[in-house]
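In the two complexes that follow, chain A is the common piece, with chain B as its partner first and chain C second.
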Partner chain A sequence: MRMAVGLEVHKTRRLRVWVLCLVMVVAVVALSGMNLFSESAREGFADPAAQPWEALLLGQVMIAAMTSPVLVAVLAGRQVDIEHQGQGWFMARVAGLGPGLLCRAKAVVLGVALTFTAVAQCVLLIAAGMVAGIEVTLPITLWARYGLCLLLVDLALLGLHLWLAARVDNQLVGLGVGLLGAFYAVYALLMPTWVAYVLPWGYYAAISPVAVEGDRFVESAPVPWAFALFLCASAALFLGACRRLDRAEGGPA
Partner chain B sequence: MILAELTKLRRSALWAVAIVLPVLAVTAGSINYAANQGVLSAGWGSYWSQVVLFYGLFFMSMGVAVLASAAWRMEHRGHNRNLLMSTPARTAAIVGAKIVSLVLVVAVMQAMLLTLVVVVGVFVLDLEGAPPWEYVVVALLGVVAALPVVAVQSLLSMLIRSFTAPVAVGLLGCAIGTGLLYSGQGGVVSHLFPHSLVTSALFLGNGAVADSAGLDLAAVGPIVFAAVVLTTALWALSARLLSQRDLS
Partner chain C sequence: MSHVITTEGLTKAYGSRTVVDSLDLRVPEGCVYGFLGPNGSGKSTTMKMLLSLVRPSRGEVSVLGRPMNHRTRHELAALIGSLIEAPPGYGHLTGRENMAIVRRMLGLTERQVERAVATVRLRDHMDKPVRAYSLGMKQRLGIAMALAREPRLLILDEPTNGLDPAGIEEIRDLLKSLADEGVTVMVSSHLLDEVDRMASVLGILGRGRLIFQGTRGELFDRSTPDLVLETPEPERVLDLGLSAVRTHEGLRLSGLGEDETADLVRRLVHHDVPVHGLYRVRRSLEEVFMDLTGREGLS
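Entry: the complex of A and B
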């Protein structure tokens, strides 16, 4: 496994995975914090009733729901497509690394990249809020919980997209699914709560730590058992799929 | 050549994206409209604004990025690119045929969106009055405004063998485009950025979006002009780069 992870790390350099993650961090922070420097927003920076941090956090939830499913699909697609194009599955098998092991190694490396992305998004957005001059106490627990939940949903969907990219040679399928998933994630934020639990991408909305009630923000959280079930099922399915890939003859596609 | 391109696309899975994306936009917009009738004003205006809200902001451009990658994917496989370059056609014609065939797919996407908006609005939501003709203009304008996005994504997909890399650049383009439009710093620059142009066009006359312009000549003219100029420039650049690159 260590050798497979080492190989995947080398592949990420040529695939510019880190550059892509960094660029997406900047894009998400810029879009989420777009209103920070407007006059109307600045007026409420010292007023706890205006809930400036909660507004900023909800902005991040919206932008992350829109971009994260596509980012996960792109990362998984890029990391797997090279195996399809360069007979990588065959070469790895000759070296004693089955397709399932290779997928798990890819999950580890891309998981680290997504961890960096989620943490950097939260930290930089908080820093942007402070630089802009928000004086109200920061709801750090709320933000940390959202960052952790965002990372867990990203990882759950990463498993799905890695499997999809490995099974289907045409990366249009994985990217199309990611794009439609992003659509679902964004609209799940605007629809009744149960909608968010129907498809995996809805969890980007379900994990929102704030919700709008009337003209103010209230604390919100995903249903614990449903979220735990989703994460456990995703992990079990991914590991099961990897085992099947390892046992199958030839490449996974 | 355009017919040849369309034949290549005939069995491609890209039609699934071109059809499912508008279906999702209308379904989600309709449910959102129906669920928030207490907050939204009743009528075609609110319904339309809910349908195109995220579609115009992000998903139409991302859909185009995926379509362009899919259209060039077949040329990057095997020796298809060499075969294509060995035909007597000029590079401008090769790139032009790709752009036109992709625009036709985008037009189908927009026609689908418009038809579904009318069908759901009349028969499901039972909205009063006839659907406003302005939506036909906005949908058509969306196709025109998508021309530069098609051209730039086609250029990227032509240059980059990877399927996903041009889509990743497209994702970044959407982020920059939205930032330019809504940071209030864009001005003329937002008309020179392909992804902003799509959002500007689809949000014309949209009551749900702050600062969206009305559907008049003063707003439509610059969008059409910018789309034509950008597309021509990107087409010429694509043709030049294709003629300069070695066979793969």
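Entry: the complex of A and C
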């Protein structure tokens, strides 16, 4: 596995994985923090009742729900497509590395990139809030919990997209699924809570740490058992699918 | 003669469709073995079974004296270089970066990689991205990847596909020189002329079955060439009741073996037919192949 991960790192050269992640971080920070410099928002920066951090956090939830499914689909598609295009499945198989092992190694490498993206989004947005002048106490636990949940949902969907990209060699299919997932994630924020638990992409809404109640923000959290079940099922399905790919003949597609 | 590859009743079926049927291959050590057959005749599937990339439905594969299966595959893979279907290579990476991946994947030394690259004469193009390579360069890179582990056996599936005549000549010379160095090369192709010039042993596949296996000479023995009878009086020959086709030289007679030819000569002498010449037509491998495969075609 260590060797397979090393090979994947080598293959990411010129795939612009880090550039894509950086663009996504900048996009999320810019779109979520758009209101930070408006006059009306600045008025509440010193007023705890105005909940400026919660407003900013909810903005991030919305933008991340819109962009993360697409980022995950694009990263998985790029990292897997090189195997389809370059006969990499056969080359690795002959050397004793099955397609399932390659997919697990890709998950590790892209998982690191997604961790960087989630952490950078949160840190830069908090920094932007501070630079803009928010003076009330930062709900750091809330933000940290959201950052962790966002990363876990990204990783769960990464497994699904890696499997899909390996099985279907036309990467537009995976990208299309990611785009539809993004729409679903955003709409799940506006729909009754249970809708968020129907499809995997809904968890981008379910993990929101704040919700709107009347004219104020209240703390929110995903249903613990449902979230845990989703994560465990995603991990089990991905590992099971990888084992199946390893046992299958030839390439995975 | 020891065999590097032997198969016994090797069969692959997908549902009710049998794509490879009871193959008994014998690939001698240190030769170029030409594996011929029209497209779709089961060559690639057979090669994948030899490499244990596809599980046989029935039968056994033995490579380098050991059974080839998922347990032994990894060990044997270190001794086998292969190029199956299209040449491998990550397009976004340079040739050098691709070879570095192969080196790490197979635990090779820098020297082994350099030697393989030099053998396929690709040294000057190693810093170009593979997507900018011509098809011939990609094939050479694929062969370098197969050669880097210094294999005892090389299995190449249509390595000259899409190459121009100069590229084909280059690959042909390379494979012959590898065989001279003691590497056994099994090469599949549907281009008969190309295999004719490099293979010392041939295996011909038709609709999943092995139609012929042996040397080029043995192959020609299996198919009797036509006789050409040069005579100024062809009508008199036809009057003898022989089945023949008129040509500008005289007559062309098919299906006559050695005894039948001797009998023909006796009859011509007996009837005092003037004969200016009698000889066998030199047949190309392609014509023999077409005969054996029942005119199934080459593509």
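Going forward, the second predicted complex is superposed on the first by the 253 of 253 C-alpha atoms of A that agree within 3 Å, B and C clash if a C-alpha of one lies under 4 Å from a C-alpha of the other, contacts with A are read in each partner's own complex, and residues count from 1 in each chain.
The definition used in the following text is that a contact is a pair of C-beta atoms (placed from the backbone, for glycine too) under 8 Å apart; a residue touches a chain by one contact, two chains touch by 3 or more.
As the structure is a prediction and not an experimental result, all values here were calculated from the model.
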item	value
Room on chain A for both chain B and chain C (clash or fit)	fit
Touching partner for A:13 - first (chain B), second (chain C), both, neither	second
Partner chain in contact with A:92 - chain B first, chain C second, else both or neither	second
Contacts of A:209 with chain B and chain C, given as first, second, both or neither	neither
Chain B versus chain C as contact partner of A:172, first or second or both or neither	first
Chain B versus chain C as contact partner of A:182, first or second or both or neither	first
Chain B, chain C and vertex chain A (Cα centres) - angle in steps of 10°	80
Which superposed partner A:24 touches (first chain B, second chain C, both, neither)	first
Closest Cα approach, chain C to chain B, once both complexes are overlaid on chain A (Å)	7
Overlapping contact positions on chain A, where the chain C interface meets the chain B interface	85
Chain C-touching residues of chain A, taken from the complex the two chains share	3, 6-7, 10-11, 13-15, 82, 85-88, 90-97, 249-250
Parts of chain B lying in touch with chain A, wherever the complex brings them together	12-14, 16-17, 20-21, 24-25, 28, 31-32, 35-36, 54, 58-59, 62-63, 66, 69-70, 73, 161-165, 167-168, 171-172, 175-176, 178-179, 182-184
Chain C residues within the chain A interface of the complex	48, 51, 53-55, 73-74, 77, 80, 82, 84-93, 97, 100-102, 104-106, 129-130, 145
For the chain A and chain B complex, residues of the former touching the latter	20, 23-24, 27-28, 30-31, 34, 38, 66-67, 70-71, 73-74, 77-78, 81, 85, 170-173, 175-176, 179-180, 182-184, 186-187, 190-192
